[in-house]
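Following this line, the structures themselves.
Below, chain A partners chain B and then partners chain C, in two separate complexes.
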Partner chain A sequence: MSSILKALHFKPLDGVRIVVWSAFALILLLMPLAAQSSFALTLLCLTGIAAIACMSYNMLLGQAGMLSFGHAVYTGLGTFVAIHAMNKIVGGWWVPMWLIPLVGGFAGLAFGALLGYVTTRKAGTPFSMITLGVGELVFAAALMFPEFFGGEAGINSNRTGGSGWLKDMGLTFGPQIQVYYLIAIYLFICTAAMYAFTQTPLGRIANAVRDNAERAEFVGYDTRWVRYLIVMASSFFAGIAGGLTAINVEAATADLLHGVRSGGYLLFTFLGGVGFFFGPIIGSILLVFALVVLSEFTKAWQLYVGIIFLIMVVFAPGGFSALIMLNLRRVKYGEWRKMRWPYVGMFFFGLIALWGFAALVEMAYQIQVAAGSGTALTVARIPLDAASTSSWLIAVAVLIAGGVAFEVSRRKFQRVWNEGEEHIAEAIKKAEAAIV
Partner chain B sequence: MYALELQNLTKNFGKTAIIRGVNLAVKKGERVAVIGPNGAGKSTLFNLISGRFEPSSGNIKLHGQDITGKRPYEISRRGLARSFQITNIFSRLSVFENLRCAALFASGQKYSFWKPLSKLDALNDRTEALMASLELKRRRDVPASLLTYSEQRALEVGLTIAGGGDVILLDEPTAGMSHSETDRFVHLIRSVTVGKTLLTVEHDMGVVFGLADRIAVLVYGEVIAFDTPEKVRADPKVKEAYLGAVLDADMNHAAMAGAAA
Partner chain C sequence: MEFFTISLLNGVSYGLLLFMLSAGLTLIFSMMGVLNFAHASFYMLGAYLAFQVSEWTNFWVAFVIAPVLVAILGGLFERVVLRKTHKFGHVAELLVTFGLSFVILELVQLIWGRTPVDYKVPTVLEGSLFKLYSSSFPVYRAFMMLVAFAMLGSLFLVLKKTRIGLVIQAALTHPETTEALGHNVPQVFALVFAGGCALAALAGVIGGNAFITEPGMAQAVGAIIFVVVVVGGMGSLAGALIASILIGVAQTFAVGLDWSFIGGLQTLGVTVTPETFGYPVWKLKISQVAPILPYLLLVVMLVVRPKGIMGTRDE
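Presenting the complex of A and B:
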């Protein structure tokens, strides 16, 4: 599978590119219409911010092959500086509130220049270790300097302060929808800028350093300087995400800097897929879904996220974006239609097996964690009782039956998939031979 | 002034002396083959010249300028490029991107991020032309890791010459190739290194005689002979180092093959 992933490239033609970007803008514009509740709007805002953060993280991981364990340092410090700047605005500064994300961005850039100078001295595993250390150091510092970080309670601000002609026209950031559109505009510009960056000499050399740092040195590049520049660029966009967080939640606490948050960026960027530019956007949707939506449904949400991560690392290391691109490739070579029914079968039995598994997990949690609220529960609207043997037997039976049926349909799917792969390989060979 | 000059160069790994006082002066435009038995220090010598290792003592001069102990990227920027015995390419990038990356710094772009690559017409044209001369055109958008072995060797040489360096070091460029591939490849190397100063490490005597104006014989970290192929072949010291007759027969045979090619 990995060799197939390597063969994939995302390079839309100019016309396609215009369509893709227009569609992206249109989606951002119309999304609030679909969001009927204020909760849904909150989710959209969080997703937009997470998308910028995950894309900035992928500048390190996907583009330059730098596995950072401390990305939350730059988003978090961006938020803190932005909150302080917001308080200055409330206190009478002339800067309009909509520039606050840029303040966060430049704070991220400054800290990227400062801390990145240390972290980028090494590549590979030492780099990861140093980022881990720097992350811990900054988190510890946050609790040591309450004047700036506000200690345990953090610091607050008010996004409706300040002045400016846009504010006179009604842009007060009082209503959440105004915050949403601010995030959407920043998201669009940052996405375009980060994409453009991948198409520049420095962006491409980052790929070269990722693939083979030694050879990059022998074609004239100081790889340490490349890493340093990439960390600074990444930190700038991370800081913008941090600045948007400051406007969105009007508060900053030390946990914004914590390693758990850095780990979240890593995990969900990976799930979305590091091999394609749009992968982290998918990752950010998954991130908000898991942290906000899934955690409402079940106490065991971290267990499910962990299992999904595990399955993806083993079976689909390219993440969801690679799965999408593999299927688009099928469509391109006219090989997709054959896979419809195998897909349906696999998903149907997969869901049944999933229900059995979820029932077991939820019943175990009900007994172990939520014992106070009785033993009755529902899984996907089906009532179960964690105290009754029959519920457990049903769950186990469904898991086994679903699992076996899933495995059978998965093998069938694999067969059809491999056949299609051969057809595509032949088609590519023919196309190559036609080039003179 | 010499294109490349090595003065009393030594390299020790711990107490083991690998390069023991090498002196070598290569004129501009000269094609030199470095030969010698296994373990003589040929690859180490290239690693010293190109900055991969730092010499223990002695000097390396490129166009009269001292480059001893400089980092690989500094040496590369001064116009010395090298290839590797074990293929050393950008595995996930396409053939075209590989070659363009190798030409990028020398093209003056350095670390720029304010201009899209697609607008760099001169660079892109040059990369296409180089790709064509390497006979890799039909593999343009294939990731380097999916190329065949001999295609990867061609790309390896391509990465070396893409930056336009005028002193080229090729470390066993034909290693692992079949005879017919080797013949084609030697032609390729000749054609893409016209007018450049060339140093190659080579085991294949056919390649040596096909490519070299002069041969440097490296034995136990010392250059025991540095002369034209005919004179090196007649040199008793070289014969002795190679246990005489074996090399003699080998070289005679190869010389004929080289002359025929």
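Presenting the complex of A and C:
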């Protein structure tokens, strides 16, 4: 009984909490120092925006168990409304530019209230199908109204417009670094707000609706109303991310609303991990990495991301955040040291198998897509020729040998891992027995 | 009259193609509770495999082989991947098929390239079946309708008249009891999944050359068949049939009509000018609205009758 009360007890000045949030603020503050080039700063800006979007997505998926295929609708519409508001500011409206993300947020909220009314009529799988349909609806409608959405070309704006005393102090949003700090401040506030939201009664009831809608309904909660409220809250934060995009890019095109983008939010939020609050932040880092960095290296990046996603869903449905937490738990119980060599073996052979697979994929792409630029290519600095049989044979041989070795080491790893799990379970049992 | 008849025929043949796609989706969904997000990808795979096989041999071989190949692939996927996620619940199952749709799209681009392939209607089925005033109705459209009806009939016979059909129906509503009676329900699931994929592939075989075989084809129908399943009522085959034909006919008619609100209002004696409030909406032609008609239908259906045309459950 006492332990239950302790878990519910609210301590506003929890030491760990202060340290974590201060560290988060400090990291956000100091990140630009580590980013030496303007490219790195751009990446940071994109990551910050993606983090808000992914966390808002996780309010649906992680907190309320609603798998949406149409989240880009809210971020995208937020961007469009924000761009129009920016143009109004340039035209003479008196609203400071730094409030634009909030304009996007309220636009997201409004569309969440409108579209969410339809999508939340169903839960579970039908909800997913309906969000997909509504997403397609909005995307197709965007192309029908070039007056608002600018057709194929989209619409542009200028973030240096407007007035106000902050602007007179030099906050023009001309330099990218100012945009970064704007994003960082919004990211910090949104993160805190979304975390606080998980602690509210509504946030808790969302968990109940996710875990057992029938019981929640029986206790007396209107589950549809809960879903509706969560969708609205989530689209508000999605809209803020959209508004920040408007300031960051100063342009909006209809593909911001496209289903591929919604799929990306789903995919990377899941990869980051839906079970922990910080999971989507990891997901957003992966998203920007894949979209900007990985796509520079290989044309087939979507294939790799898709396969990693499949593997994660089957073997680690908690995403990367759960992997981190599970390993931290091992460290805590002194079980991690046994895992070192199995880890090394698994990663070593895994990388070899990956090289074989990547070589095959890259050679196929070289022939199929980039045929104009010859057949020679390198995969991880090893030169290959897509036209020669020996290159293909080498790649197949490496893939098979690496794959077999990987499978062997994976099984060993699985065994050691399961043993560790048992030890930890025993330790927890003992500790509980000691308390009683 | 001419426009009406031809549009109706085209609409019905398109609707029947949609039904072939959504039938498999509905079957898999109502049996396993799995929403196969990759269903349209299997449709695309069917079209591409049919193209490849018909390059090597001819269309008729492809017509038989491609669905079988896709059924094997689908069954393998169910066995190796999907079954493992079953314990994590429906969200994980949906995610796994979502990931699969990504991978299939990329693999298709890897093997056949990003541009459309030249998958043609066989020469026997070229030309027009009959002429109505000035517009002709192609033989191939009639062939598509024939295949769809044959498939509909055999699906009905298999489900209602054979032993395996009875087991499938039993496993649909009472999986535990069916298992207790000694039937291998997981195997029935794998069979249904493979069968659903084969239906999608068959639709791809006959739809790929009627329309266009390209990497974007899965996405083009993917969302629409979801709409069909929701509008028809989750898990109802008859509802899916009605909804597919409704959407097929509505879309075909809409594409051919260039009416707009302005015209309609003018006959009522109201003039609309670019200054009128909401002019962008009034000036839209029905043909421009055609792409969003299925989704509008979805929204209207959800507001008016959330369980769908033939749905029984109102979640």
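By definition in this document, the second predicted complex is superposed on the first by the 422 of 436 C-alpha atoms of A that agree within 3 Å, B and C clash if a C-alpha of one lies under 4 Å from a C-alpha of the other, contacts with A are read in each partner's own complex, and residues count from 1 in each chain.
Assume contacts are C-beta pairs under 8 Å (C-beta built on N, C-alpha and C of every residue); 3 or more make two chains touch, one makes a residue touch a chain.
The structure displayed is predicted, hence computed values, not measured ones.
Using the contact criterion defined above for the overlaid structures, shared-chain residue A:Ala123 touches chain C, although it does not reach chain B.
Looking at the shared chain after the overlay, A:Val219 reaches chain B, while chain C stays out of its contact range. By the document's definition of touching, of the two partners only chain C reaches A:Gly133; chain B does not.
Residue contacts after overlaying the shared chain place A:Phe270 against chain C, while chain B stays out of touching range.
Legend: residue contacts after superposition of the two complexes on their common chain; A:Glu147 is shown touching chain C, with no touch to chain B. Once the two complexes are laid over each other on the shared chain, residue contacts for A:Glu432 go to chain B alone; chain C is not touched.
Ranking chain B and chain C by residues of chain A touched puts C first. Comparing the two complexes, no residue of chain A contacts chain B in one case and chain C in the other.
Those residues of chain A that touch chain C in the complex are listed here as 61, 65, 67, 118, 121-126, 128-130, 132-137, 140-141, 144-145, 147-148, 259, 263, 266-267, 270, 300, 302-303, 305-307, 309-310, 313-314, 317, 361, 364-365, 368-369. Contacts from chain C toward chain A in the complex involve residues 29, 33, 35, 81, 84-85, 88, 90-92, 94-96, 98-100, 102-103, 105-107, 109-114, 219, 222-223, 226-227, 229-230, 234, 280, 284, 288-289, 291-292, 294-296, 298-299, 302-303, 306, 315. By the touch criterion given at the top, residues 3, 6-7, 9, 196-197, 199-205, 207-208, 210-212, 214-223, 225-226, 229, 233, 432-433, 435-436 of chain A touch chain B in their complex.
Put simply, chain B touches chain A in their complex at residues 50, 71-73, 76-77, 81-82, 84, 88-94, 97, 100-106, 109-118, 120, 137-143, 145-146, 159, 162-163.
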